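Each of the two complexes below includes chain A, the first together with chain B, the second together with chain C.
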Partner chain A sequence: MESLSISRFWRYRRAHYRLTGKKCLRCERVFYPPKRSCPYCGSMDLEDYDPPERGEIIAWTKLYETGTPYTPYRPIYLALVKLGDMTALLQLTDVTDEKKQLRKGAPVELVFRRIKEDGSHGLIYYGIKARPAQPIETQE
Partner chain B sequence: MVYIRAIGLSKVERAYGKGLQEKFYEAVVPIMETTGLSEVDTVIVSNSFASLLQSQNLLASLLVEDLSLLNVTTLTVENGGAGGLTALHLARSLIKSGESRNVLVVGVEKTTDYNSEYYNAALSQLTNAEFEAIYGANIISQFAIIARAYLERHSVSEELFAEWPVFMHENSLNAKHSQLRFKITVDKVLASDYVSSPLRVLHSPPFGDGAAALLLSGERGEDSLARIEMTAVLNDTMELSLRGDLATLPSVKRLVERLQKKTFPPNQADYIDVLDKYSIAGPLMLETMGIADPGRILYEIKEGKFRPGDKPVINHTGGAKARGHPVGATGVYQVAEAVAAMHGLQGVRGLDYVEKAWILGIGGPGTVAAGAIVKRV
Partner chain C sequence: MNVNPESRAGIVGWGAYVPKYRLRMEEIVRLWGFPEGTPKGLNVIEKSVDNLDEDALTMGYEAAKNAIKRAGIDPKEIQAVFFGTESKPYAVKPSATVIAQALGITPDTMASDLEFACRAGSEGIKSGIGLVVSGMVNYALAIGSDTAQANPGDVLEFTASSGAVAYIIGPSEASTAVFEASYTYVTDTPDFWRRANSPYPLHGEGFTGEPAYFAHIIGAVKGLLDKTGLTINDFDYAVFHQPNGRFPIKVGEKLGFPREKILPGLVTPYIGNTYNASALLGLAKLLDTVEPGVRILVAPFGSGAGSDAYSILVTDKVEEVRERAPPLSYYIDNKEYVDYAIYAKNRRIIMKIR
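Let's turn to the complex of A and B:
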């Protein structure tokens, strides 16, 4: 199942490189991945939405049972992450302390990383991952 | 009205010596030996992964070559784990419309031809390929995230959550065709490795091959075993990021509303079977059906409810966890088992008080929900 395809990835480059979702102009909700109609109210009156680079974890898992071609990277962390008004499923990276960094509400920030590669053809997909972030300090 | 005239249950197993063709035939043999196939005009095959795992398409047309059926309508259905019940829904619709008179529905899946990494890659196809699977997600990670949300919401401990697989393994002894026919303990569940936290090996369905069959007819005959009161199939979003509340399955909620509007509420069923993918889908579906309050079903299971003799009896043959979950075949198993329990057929422990059954399945992480309500005749 080595299935990297330049065109397939390129087609959704705004999503993969910037996590560009959609904002509904009728109900004002934001969603990702992008669709041609709002999943909440059905409106087709939508505009692009670029999420902020910081957000927080909604729910996470540490996946051991990965499939080809992710087997060399396992286990991988996956999380639903809230970024401003948008929610996205992302890989988490740079996790060093599960207990501290992985819980509901824990802060994360977006980073640009290698997603997967095709060993035999040298193709590499890059995209967005999230990593644990320092909480924003409140000024005394 | 649509009647079930005959059923076929084959062992769910790691059948290295058998392919799709052999498992399909095995499931149809009991039907050939009872009613025969001479009146069959339509064959619907439910399967999820043959296109990937056996490099095979046009499955229904290929497989009927073993049955000497010519000039029949053939149709292959893919709807993930809801495929079997979706095939039943189509069969019922064709019969009700008058287009078909006798429909053979067969679910068949062969998952053990390659190693688990390859099968896990197949399971990633039950998520959005471009936006979820591309980051390594598969059906296991999606249910793990749902499970995490459920356990946190209701403060359910991992010990209590382990009661589900323990219950399913206990039930596996009620059916000869179940894949894993032995009991396990809570300690054993908790000692098994994580596959995707908080889900462990012993929350997961085993890899297995399976096939089950139903013969449906628009006319009630002397051999009719059950009547299909209602079927339905409804969608939800595939992506978890588009759902508001992770600790619920909206597709199942709407399906239950639709089914009970035309029939009777789930708490009046004698027999319930739900597709308990990765254990968590079991409690979620049952609570959505109102069998227990949200967050409470595992306590009731631990107390010993829902066993043979109880109304409702739940997942009598061991569920996805212990009967096994040959994806596209499972929904056909669920219905055939309910009928087998009503009449004590084909190695399923009979429950003579069972008149009314509710059967629910889901494809993907609740991306589609399908259900059937079956009454004994």
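Let's turn to the complex of A and C:
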């Protein structure tokens, strides 16, 4: 998430709201956050990549030292998450049982949440987080 | 025989969302010194509590996403988004546009936030029906979502909870349930209100019952019956606004509905009153479970005051789309209890100033 810059947030709202990354059409790798050129091969021949809603934890950590806007959310869980061909560093939410929910390979699903607020008068910044996923019978 | 314009529109998809956390009624009794029997009198066991990073907008997003999955349509086909709430994150700045943007519905769409206490989501449905029937749009998305506020220690705190529901309104041929008819009944009634800069709503105590809830729901239902020639016996289920677990049963009894037709759509005892999602989550619960061919009476209510009564016929398509998204029961069962302290933090009753 950006610093509290309204125009910067607005420009990247698709990346924040839909976690849209980029796929390199030359080396076929997918990356997030989106950039103008491929960080692996330098190609500028890229297309948008919308990740699947469900993924799995590659690694996770817990932060007690957080910046001011995040203090009420302490501790903050962060995870490197594999989502299809894409990998993203995401904040985890609705964590209620570290031992059961957080481990390598544990399923997560993407949710739309408040990321931070610019005080009580400024903008509310929304974006994608991941929450521990339950096995849903109806899930495809 | 049916010539109501509403019958050309229906529910193409529905979606529910209830946050994970629950507060037991005993916690409120303990903290605020209520008699032990108060929750039982309200017929509420526990209520849903949103996480600190949730609000009416984020909950509405998840419900809408589930509705779109069931509808099986491209979000771009939605041309109207109505967001009904009384707990919008911004006083000025539409939530409907954020949801529409995040779901990939923008830019070729209408989008607005509606307010009518607990009835705004239903007004969104009715507006959606009008737009679909007139041919102005193919699909409309109507959302009812609230993180309901209650003055701490007020009796309202037992029930005020958080949840969201969404409906995709579209042509009746594509619908899982068709609107047979509808009837709206509104008056100026001062039963419940919140002034512009007030953090919590106030209510007229006993005024919220007879002249408000009961008079308007009964007015709307009787209007619907007169208009259609249907009788109470023609309905298999009835869902009324659920400010607590007692009023919907009582209004049903006054109208002549047996409890067996009301209890299947009653959700407030398990999650509290989700305001704009209240009765409409009851309908979602029925759509999750009932057989095709049943007729449902739905009557949301909003303070101020007004009620819409709908006659809804469930079609064969309901079974095709049911499994495409989690049912309401998934969210109700997936729960974690919190104490009053966590509840107070999540509901921003206690706030750190820096």
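To be clear about the criterion, the second predicted complex is superposed on the first by the 128 of 140 C-alpha atoms of A that agree within 3 Å, B and C clash if a C-alpha of one lies under 4 Å from a C-alpha of the other, contacts with A are read in each partner's own complex, and residues count from 1 in each chain.
Convention: a contact is a pair of C-beta atoms (placed from the backbone, for glycine too) under 8 Å apart; a residue touches a chain by one contact, two chains touch by 3 or more.
Here the structure is a predicted model, which is why all the values come from computation and not from measurement.
Taking chain A as the reference, the larger set of touched residues comes from B, when chain B and chain C are compared. Once the two complexes are laid over each other on the shared chain, residue contacts for A:73 go to chain B and to chain C alike. Touch criterion met: A:114 reaches chain C, while chain B stays clear of it. Of the two partner chains placed around the shared chain by superposition, chain B is the only one that A:32 touches, whereas chain C remains out of contact. In the overlay built on the shared chain, the residue A:13 is in contact with chain C alone; chain B does not reach it.
In the superposed model, A:134 lies in contact with chain C only, and not with chain B. Chain A uses residues 68, 71, 73, 115, 129 to touch chain B in one structure and chain C in the other. Here chain A touches chain C in the complex through residues 13, 17-18, 68, 71-73, 93-94, 96, 111-115, 124, 126, 129, 134, 136, 138, going by the rule given at the top. Per the touch definition, chain A reaches chain B in the complex via residues 1, 8, 12, 15-16, 31-33, 39, 58-71, 73, 76, 78-80, 87-91, 104, 115-116, 125, 127, 129. Residues 20, 51-55, 57-58, 61-62, 89-90, 98, 101-102, 104, 323-327, 330, 334, 336, 345, 351-352, 354 of chain C are the ones that touch chain A when the two sit in their complex.
Within the complex, the chain B residues that touch chain A are 52, 116-124, 128, 130-132, 134-138, 140-141, 144-145, 148-149, 152, 193-199, 204, 237, 239-242, 246.
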